[in-house]
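Across the two complexes that follow, chain A remains constant while its partner is chain B and subsequently chain C.
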Partner chain A sequence: MAIKKIAFVVDKLPYKGESSRLALTHCIASQTVEIHLEEDENVEPVLAFVGNGVLNCLRNQNAEAYGVSTMESHIKNALLTDIKVLICEEDVKRLGIAEENLIMDAEDFGADMTSQIVPFSEIMAEIESSVHLMYF
Partner chain B sequence: MKLGVFVSEYGTTNDTLERLKADFLGIVLVQNGVYNAVVSENGQTSPVLGKGTKVYALSEDLLVRGFDPSKVDKRVTVVDYGGVVDLIFNNFEKLIWL
Partner chain C sequence: MSKLTIGCFSSLVGSMTLDFAVKLAEAARKKGHDVDMWLSGNGTMLAKKGQRSFKDYSSLEKTMTDLVAGGMTVVACEACAEARGYHKEDFIDSFGRKSMDWYLASCFGADRVLHIGGE
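Showing the complex of A and B:
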């Protein structure tokens, strides 16, 4: 089976712009594209947060004041659809974020998949092994 | 002059902010600017907080981004939308948006 890996990399902050939200919606949408593919083809999206983009992954977001869905809910939906979610370890440390404050699972959404905090080199390896790179 | 400065971006440096001078300078952190009130990079708090001026942060923007308004840097006063309106009308003569 020919698997086409697509890497979605987010390095922008959430909410002020649509960039990171688009990354999530495109990434999740790519999971559904397989219905349009040939039998021997498939798509494997990988979602990675680097730089200040890791701040998208903070728990307890409440976007009621903006009247929009939270990035937290999008990331949990990504986990629910079995998307590999990677968070850059170096940037988490640089910004002083504790792991318990990150969205590491989506059990409340019924997802089995969990996020992974990984070194940037591992994210780089995912980028290198992907057929397409989408940078947000 | 009483000058209010709205900061809506998160960044380690802001040259314009460094050069501003006023009898009273107040910084209002809104949108992504609120990250300056809570995030420390490599253990260093944002230089925006080190100007010795009064710094405010909008509570609604903190909540959206997953931060507890009661846990911001001690130098920051948290205000809601109504509080920002009060600041604009009562505390500042002029306003700029960085």
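Showing the complex of A and C:
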């Protein structure tokens, strides 16, 4: 079986632009990529938030003022579809964010997968083991 | 020969990023490589037909249609385009419109991917 890992790395703020949103929608699109591929071929996405991008992972977002879906719901959908979600530990500490303020699970969406706060070196290892890198 | 997939998320006007991406695609095609180009976000502006050429603004429609005629594949994100009011009838005829999974599938088959983010 040919599986190719693609790393989606997000360092942009939520809501300021659409980059982080596009990262999530492209990443979640891996769930339907098989329709374009041969049998036994697939894409394995890994989603990592680094730098100011970790602010996409804050809990209790409210985007009603913009009338758009929250990044929180996109991240929870990623967890629901069993996408590995990594959050850079050094940047979480740098920004003074407590773990309880981050989206660590999506139980309310029915997801089993959880986010992981990991050192940047682990994110680099994921990037190095990926075939392609998409930097949003 | 190899396959290059280029993902473009920057706008046609207001950024020189697409100019660079198209020059790169042109160079790769001249060397005989296969090239897929994915237009998403503001990059879908490149798919709009009827671009008027002014000296102070990027104008890539002719170059792109020539590249597609020569075998390059260009596909734009349908949702990103529709959100911007670029409907099927507004598209350059030889450009495709698909969902984001097409881009990932193109990346799957590519030897190299150049993902050029947006603004």
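Just so it is clear, the second predicted complex is superposed on the first by the 136 of 136 C-alpha atoms of A that agree within 3 Å, B and C clash if a C-alpha of one lies under 4 Å from a C-alpha of the other, contacts with A are read in each partner's own complex, and residues count from 1 in each chain.
Throughout what follows, a residue touches a chain if its C-beta (ideal position, glycine included) is under 8 Å from a C-beta of that chain, and two chains touch if they have at least 3 such contacts.
Quick caveat, the model's predicted, so the values are computed rather than measured.
Chemist: Chain A superposed: clash or fit between chain B and chain C?
Modeler: Fit: chain B and chain C sit side by side once superposed on chain A.
Chemist: Vertex at chain A, arms to chain B and chain C: angle between C-alpha centres to the nearest 10°?
Modeler: 90
Chemist: When the two structures are overlaid on chain A, which partner does A:F49 contact: first (chain B), second (chain C), both, or neither?
Modeler: neither
Chemist: So in the superposed three-chain picture, is A:N62 touching just chain B, just chain C, both, or none of them (first/second/both/neither)?
Modeler: First partner only.
Chemist: Just chain B (first), just chain C (second), both, or neither: which does A:K16 touch?
Modeler: In the superposition, A:K16 contacts chain B only.
Chemist: What is the contact status of A:E72 with respect to chain B (first) and chain C (second): first, second, both, or neither?
Modeler: first
Chemist: Can A:G96 be said to touch chain B (first), chain C (second), both, or neither?
Modeler: first
Chemist: Just to be sure I read the superposition right, which of the two partners does A:F136 touch: chain B = first, chain C = second, or both, or neither?
Modeler: second
Chemist: For A:L37, using the defined touch cut-off, is the partner it touches chain B, chain C, both, or neither? Pick first, second, both or neither.
Modeler: The second partner, chain C, only.
Chemist: Rounded to the nearest Å, state the minimum C-alpha distance from chain B to chain C in the superposed three-chain model.
Modeler: Value for chain B versus chain C, nearest C-alpha atoms: 14 Å.
Chemist: Please name which positions on chain A make contact with chain C in the complex.
Modeler: The contact residues of chain A facing chain C are 4, 6, 17-19, 22, 25-26, 29-33, 35-37, 41, 43, 132-136.
Chemist: Touching residues of chain A toward chain B in the complex: what are they?
Modeler: Chain A residues touching chain B: 13-16, 52, 55, 58-66, 70, 72, 94-96, 101.
Chemist: Touching chain A in the complex: which residues of chain C?
Modeler: Residues in contact with chain A: 7, 9, 40-41, 80, 99-105, 107-108, 110, 113, 115, 117-119.
Chemist: Under the definition above, what is the set of chain B residues touching chain A in their complex?
Modeler: Interface residues on chain B, with respect to chain A: 8-10, 31-32, 35, 39-43, 60-61, 63-68.
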